[in-house]
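So, here's a batch of structures to check.
Each of the next two complexes has chain A plus one other chain: chain B in the first, chain C in the second.
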Partner chain A sequence: MAGITFNNVRKIYPNGVVAVQSFSMEIADREFVVLVGPSGCGKSTTLRMIAGLEDITDGELYLGDRLINDVAPKNRDISMVFQNYALYPHLTVFDNIAFGLKLRRVPRKIIRQKVEDVAKVLDLGDLLQRKPKALSGGQRQRVALGRAIVREPAAFLLDEPLSNLDANLRTQMRSEIKKLHYQLGATFVYVTHDQTEAMTMGDRLVVMKDGFIQQVDTPQNLYDHPCNLFVAGFIGSPKMNTLEAMLERRDGSLIAVFDGGELTIPASRTYDGSLDRYIGKPVILGIRPEDFHMESEHAGIANSCLISARVELSEQIGSGVYLYVKCGETQLIATLPTHGAARHGESVRLTVDCEKLYIFDKDSEEIIA
Partner chain B sequence: MKLKEFIKRRSVRSRDSINGWIWLAPSFIGVAVFYMVPFFVIVYYSMIDNPIQGNFVFLDNFVALLQNRAFTTAAVNTLRFSLIAVPLAVILALALALLLEARIPLKSHFRTFFLSPLMVPVASIVLIWQVLFHFDGAINEFLLRFGVDRLDWLQSEHNQLVVVVLFLWKNLGYNMILFMAALSNIPRELLEVADVEGAGPLYKLFAVKLRYLSPTMLFVTILSLINSFKVFREAYLLTGNYPYGGLYMLQHFMNNIFRALDYQRLASAAVIMAVAMVIIIAVLFIIENRYGKDVEG
Partner chain C sequence: MRQGRIIGRTVLFLLAAVFAIGFLMPTVLTVTNSFMTQSEIDANYGMIFESARPGGTTYVGDSVNLKFIPDRVSFSQYETVLFRSPEYLLKFWNSIRLVIPIVILQVGIASFAAYSFTRYQGKLKNVLFFFYIILMLMPYQVTVVPNFIVADWLGILNTRWAIIFPGAFAPFSVFLLTKFMRRIPASLIEAAKLDGANEWQVFTKICLPQCRSALYSIAILVFIDYWNMVELPIILLPDADTQPLSVYLATINAGEVGIAFAVAVIYMIPPLLLFLHGEEALVEGIMHSGSVKG
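Showing the complex of A and B:
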């Protein structure tokens, strides 16, 4: 087992496209790190550089203490699981799992033992003599996982392994992969564009955009303390409401005025004076949908502000309701409890927990409070 | 009520069936007139004594044909030519495709270069070949510099070699393109898994790539086989009706007996050739079915 260290790693394709820029971070031994971001952000390229399937243009990449920039994939002691399983259609499940061991000329008896052990862990015992086309999507993905774990490599790389599965199976496989991580105690690097998958699985997440790391942190920290507008919008479902507002000083308080209402910034958020230079200037406000409450239920929230809005749509999700409202010309989404939620066309008065308000610089999109 | 409904349903069904046949008719008539009817006419001709009397003689024509030295020579020559030229056309085209798949400079130029013979008409190719392999031709001039004696290529034991080279020159490019298309269809992840799991280039070639290429290999082999039977065109233009030794092909034989209006022998030879082709292609299909069934679709 080993950690992975990136030192200013860069990837530029021959056609000049910059896929990954100045990527520096340390993945600890036995850590489960998730690379997350939209399509084309460079997450898969980063993973493929660890695997050795893409050359590194610049920088250094270490597996443990070993510099692996120029080490062939087969000598890196890693294994990889692909999105579309990448199983050999002409081989049985047994032969697919045993593929790497056979290539390494492991004695037959040991191969049989190891494959059977892995099959037991992944519940594939009855399927060993089947060919991939006779398996379901979930079973195929388990075979691909089996092929990866049977070699007991130093690190596992998983490239969107659940994307081809349906929603139910994805949730099930998500927990199976997480359990596998606990059982194996190995380093996992996992790539996904699905923030729910990332939040639920990773010890730490690396949020990427346009080849740059935006923020590296635990899921909870990313949710609570996003460093910029992109991370704030990407992490959390439904995504954070963002609205343009003007900061004003009124009777000693700082007010954010937006089209359709105004919010008072609590003194606890303004005491260091970091917002003073934004007075009279436009900023971006961020409000998590779950920080809205119906006016009748706001009791107990210390610094709350009231806004009036008209309901445009409500979506039942069982445990609650997503309320799409329009406040002036500003579209907002609020997550509210089912009971007492308003219907289409009704006017509602919502309170916002202003302690949980996010304020971003309009130009740099960095968080300022 | 039920009877009425039954009759109504039946009439709809028969109307559908008539409509179906009307739509099928143009293709069916085309295939029948140009393929099926001529084939059965040939089979009929191969089993009668002559077109005027039309007495049924069953296999007599075939027995006579198999005892004919001209036919057996032509058959052996054709078989030998196919056995040499077809594997070469498949293996060399595959090797070229694999080579051009690798990261090499001037890749697209090479591709165009190997495809260019397809654009040249056979008659002009033959003309160039005659110049090259003439007794006073370029090849002999070249070999002379290395102390090799002049050779009348087309009138020697090596004349089949000349046509094999011509056949390869003409067909390699097309086969290569087919292989290149098939290579680009191999799922990239399967090769990457092999890389990560520790496979070398030879293992990847034999265990992954060739597996995925097997349907294309079958197609290219059948295509080359058919083309090798058609090499008569080149051989005829190079050497005429009665070439020396190894170039006397089955189609020379057929061409000559057609000129003599010997329908019976011509028809028998055509039937034997068709049966041989069907057997060879069936064997190829069986092999491919065993080897490549898992990688298709």
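Showing the complex of A and C:
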């Protein structure tokens, strides 16, 4: 087992497309790190550089203490699970799992033992003589995992391994992969564009955009303290509401005025004066949908502000309701408890927990409070 | 509406049946006539070859009679071919000695070439592949003269290598196999590389097994193509002793019509067995190579 260190890694394709820029971070031994971001953000390229399937244009990549920039994939001691499973269709499940061991000339007896052990862990015992086409999606996924773990590599790379599975199976496999991580105690690097998957699985998440790392942190910290508008919007479901507002000083208080209402910024957010230079200037406000409450339920919230809105749509999700409202010309979404939720066309008064308000610089989109 | 559909289907069925009979008739005629005696063949088809016949002592019918069922089943033609005239078997052996090496070499070389075209990037690759397609589109009569000159220059004229050598490097197989190999997902090759496979192992353990049906279909097509060749051996193998049986079948003379039927049936057996054995692979191979929309 080993950690992975990136030192200013860059990837530029021959056609000039810059896929990854200035990528520097350390993945600790036995850590489960998730690379997350929208399509084309460079997360898969980063994973493929670790695997050795893409050349590194610039920078240094270490596996443990070993510089692996120019090491061939087969010599990196790394396993990878592909999005389409990449099982060898002409081989049985047994031979698929044993393929890497056979190439390394491991004695036949040991191969059988190892494959059977892995099959037991992944519940593949009865399927060893089947060909991949005779397996379901979940079973194929487990075979792909089996092929990865049987070699006991230094690190596991998983490239959107659950994206071809249905929702139920995805949830099940998510927990199975997580259990496997605990069981193996190995370094896992996982790529996904699904933020729910990332939040539930990773010890730390790396949020990427346009080839750049936006933020590296634990799931909770990313949710609570996003460094910029992109991370704030990417992490959390439904997406954070963002609205343009003007900061004004009134009677000693800082007020954010937006089209359809205004919110008072609590003193606790302004005491350091960081917002003073934005007074009279436009900023971006961020409000998580779950920080809205019906007026009747706001009693326990210390620094809340009230806004009036008209309901445009409500979506039942069982545990609650997504309320799409319009406040002036501003579209907002609120996650509320089912009971008492308003219906289409009704006017509602919502309170906002202003302690949890996010304020971003309009130009740089960096968080300012 | 329904009645119209039934009539339409019946017409289509009848048309298909007529075409099927049209295609099958020569084969059925050859097989059944191979069991006729020489005198019965003379009686039925003698008129066609009368002018070529020296002496003309045999009874010759007044007209050509296409006859499917022999009056008496006789194995005399087969007896002559198999036991009394070793030259036919020798020519059969010549065919095998020519075609089998071509099939093996062509499939082998095409596999290497197709793998290179699939796996390696570079500007030259596209240019080279374009030349392959141009070569493939050329009628083979165009390349016969250069082949003759090269064979003469190499000193292999009138040896079987004059046919085997150019046969081993056919562009069609490379084209077909390249199209097939491009269908193999890149992730499969990448997975093999991560599993520890080197380039040779990727080729032999991953790519070739994936292309089994394509390889089989190429083998069948090449076998049938070269099994039936006539012009090439006549040009490049002037010595009659080294020529394959296909040349004999094409230059049949009147005195051996009956034997020709038997020889034709025997000659049909290897490609037929090959086809029956690999029919599924042939269909799959051609479909997946992009020649037919799958």
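Just so it is clear, the second predicted complex is superposed on the first by the 369 of 369 C-alpha atoms of A that agree within 3 Å, B and C clash if a C-alpha of one lies under 4 Å from a C-alpha of the other, contacts with A are read in each partner's own complex, and residues count from 1 in each chain.
Following the convention adopted for this analysis, contacts are C-beta pairs under 8 Å (C-beta built on N, C-alpha and C of every residue); 3 or more make two chains touch, one makes a residue touch a chain.
If you're wondering where the values come from, they're calculated on a predicted model, not measured in any experiment.
After superposition on chain A, the partners chain B and chain C collide with one another. Touch criterion not met for A:Gln331: it reaches neither chain B nor chain C.
Looking at the shared chain after the overlay, A:Ser308 reaches neither chain B nor chain C.
When the two structures are aligned on the shared chain, A:Lys133 is found in touch with chain B, with no touch to chain C.
After overlaying the two complexes on the shared chain, residue contacts for A:Ala51 are found with chain B and with chain C alike. By the touch criterion stated above, A:Thr200 is placed in contact with neither chain B nor chain C. Shared contact residues on chain A (touching chain B in one structure, chain C in the other): 51-53, 72-74, 76, 78-80, 82, 84, 86, 88-90, 99-100, 103-104, 147, 151. Those residues of chain A that touch chain C in the shared complex are 51-53, 72-74, 76, 78-80, 82-84, 86, 88-90, 99-100, 103-104, 147, 151. Residues 185, 187-188, 190-198, 201, 205-206, 209-210, 212 of chain C are the ones that touch chain A when the two sit in their complex. The part of chain B that touches chain A in the complex is made up of residues 187, 189-190, 192-193, 195-199, 203, 208, 211, 294-295. Only residues 51-53, 72-74, 76, 78-80, 82, 84, 86, 88-90, 99-100, 103-104, 131, 133, 147, 151 of chain A touch chain B when the two sit together in their complex.
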